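Per-chain numbering from 1; labels A, B, C and D assigned in written order.
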Amino acid sequence: MADVVTYFMTALGLGFYLAGTVAVIRFPDTYSRLHALTKADNVGLGFLIVGIAFQADSWMVVARLALVWGLALMAAGITAQLIARTALQRQSP
Amino acid sequence: MMALAETGFDLVLCAMIATTALLAIGVRDQFGAVVLFVVYSVFLGLGWLRLGALDIALAEVALGAGLTGLLLFGAHARLPASVPVPSGRAVWPAACAAGGSGLALGWAFLTLPEPVGLQEAVAANLGTSGVENPVTAVLLNFRSWDTLIESIVLLAALIGVWSVARDDAWGGQPGLRQHARHGGVLANFGRLLPPIGFMIGVYLFWAGSSKPGGAFQAGTVLAAVALVVFMGGAMRPPLVTARWLRLVCVAGPAVFLAVGLTGAASGVFLGLRPDLAKPLILAIEAVLTFSIAASLALSVIGPPEDPEDHV
Amino acid sequence: MTDPTFYGLCGAVVVGTGIYGFVLHTHILRRLLSFNVIGSGIFLMLGAAGSLGPDTAADPVAQALIITGIVVALSATALGLALLVAYARASGSPRLPEDANDDP
Amino acid sequence: MTSWLISLAVLLLLSLGGALWRVWRGPEPADRMIAAQLIGTGGVGIVLLLAAATDWSMIDVALVLALLAAVAAVAFAKAQSADSVGDPEEE
């Protein structure tokens, strides 16, 4: 049962990552690429972590996985803000 | 099936590492080169994981993706705009030198004699080293000479960085005066990161005696956290003339040397008695972590530059 | 388990790439980057050589050497960049005088 | 399960090749930085997949990578601001 959840969740996570990459390659301008990055790869990482957590052998591992996701979410929020502001400033000095 | 997937992973990863290095060297835009170098460190960290070298992976990720990025972005912004990359005929001598040395090195690697390896020697003596992580045992016990000299090299580099300062700026705060919008994202991040970063830094130091981690990785993380605090404007860096700052930088090598001399009194310089090895290593590492963090952070910020910072 | 030979050969390619950049570029920042690339290639070769052999675990002595090397490389780069920034401020150019004269 | 996780890691790594192209191509500095962040998060994902497949203590590497991903963005924003020490949010 746990294995089925892992297969499903990790595949879903990979799907989001792939969507994010395609968007970063294909989207026409900086802001839409930024939008794609912050949505896709954090949800992607989230599903990946949920899937992997079902393989964990102890609660300690699950806690550290959760910490990784928390840090990634925090980093993504800050990164998106800063990059967007920088791009905006460069566009209209 | 599993072996196939693993070999595939290694092949793809090696291709990515080589491609990223090539792009970082070849790209025309200077900022692009800097970003590609940071990305290169991420791939390299994955490579170290595959080679089973978790300690190196931690150091590579913390230094390459963290501190190097800070250092290079800062320097890039302070330098005149890109100069054109040579092309045409100028490329050939460089390409010949590169191809020749690459082929020679590859051939040398393939014809390496059957390795003896020091894994067994280290494993056999691990019991007397005081720690369970073999890499920490080598760094702080079996080959502590290297580590002692290295901690002094970090100090020497910091003195070199400071010696570039202009006379009128000396004595002030290192780097340029950082500022950020009050209550903005940068300022808040400078307040949010320290507790989490400090916790992870201490965890890495503590884990180092039994698992991957140790003074260098922990010191690097702490240095990155301190730099974010300074850049967020939450705190100004201390004056370069502050006595406590110099004490923190020197304390690591000094404690290391003192322990080494105590060893010399009882026979061997830097020799640790097996029954005292664990507390001694932990003491050296604890002090060294903060010295490494301070030296690295100050080297990355650079020399004092603002004459008005005199207080 | 991983075959370290891939990584050793990859290291050789990376060193070659770094030497190419080191010879070609005139901007000193790019030269420093190239120098770091050469260094990381050498670390990769050393680490891969330490993982060869029947014992699957990576050689802890090689690992310790490489960690020491990575930290020293960073602090040397910091020193180099501090010198470069001071030099560019004094001379107005991020290149050495003999390289700047090569311009067509 | 192990071969499934490693195969996923291979696919993820290949997809990062696309992001690498964007880092190389640009054109704006922000575009390069966005793609670099994608590679950073992708790297975290790969480390976690490898950790689940081989050795759980690799999670620490993912932890450090996730923590320091934002540090690079801070340095980028600083370097791109007008006097290279400011904040893009300042007017």
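We adopt the following convention: contacts are C-beta pairs under 8 Å (C-beta built on N, C-alpha and C of every residue); 3 or more make two chains touch, one makes a residue touch a chain.
Remember, predicted model here, so these are calculated numbers, not experimental data.
By count of C-beta pairs in contact, A-D exceeds the other of the chain pairs A-B and A-D. Mean C-alpha position of chain A lies 27 Å from that of chain B. Chain centres here are Cα averages; for chain A and chain D they lie 10 Å apart.
Averaged Cα coordinates give chain B a centre that lies 19 Å from the centre of chain D. In chain C, no residue touches at least two other chains.
For chain B, residues that reach two or more other chains under the stated contact definition are 6, 50, 76, 78, 185-186, 189, 196.
Touching two or more other chains at once are residues 71, 74, 78, 82, 85 of chain A. Contact between chains, per the stated criterion, is found for A-B, A-D, B-C, B-D. Interface residues of chain B, counted against chain C in their complex, comprise 6-7, 10-11, 14, 17-18, 21-22, 24-26, 30, 33-34, 37, 40, 44, 47-48, 50-53, 55-56, 59-60, 63-64, 67-68, 71-72, 75-76, 78-80, 82-83, 85-86, 90-91, 93-95, 97-99, 101-103, 105-106, 108-110, 112, 114-120, 122, 134-135, 137-139, 142-143, 146-147, 150, 153-154, 157-158, 160-161, 164, 216, 220, 292, 295-296, 299-300, 302-303. Those residues of chain B that touch chain A in the shared complex are 185-186, 189, 192, 196. Listed in rising order, the residues of chain A touching chain B in the complex are 71, 74, 78, 81-82, 85. The part of chain B that touches chain D in the complex is made up of residues 1-2, 4-6, 8-9, 12-13, 16, 19-20, 23, 27, 29, 31-32, 35-36, 38-39, 42-43, 45-46, 49-50, 54, 57-58, 61-62, 65-66, 69-70, 73-74, 76-78, 175-181, 184-187, 189, 193, 196-197, 200, 204, 207, 211-213, 217, 221, 224, 227-228, 231-233.
Against chain A, the residues of chain D that register as touching in their complex are 1, 4-5, 8, 11-12, 15-16, 18-19, 21-22, 28-31, 33-35, 37-38, 41-42, 44-45, 48-49, 51-52, 56, 59-60, 62-63, 66-67, 69-70, 73-74, 76-77, 80-81, 88-89.
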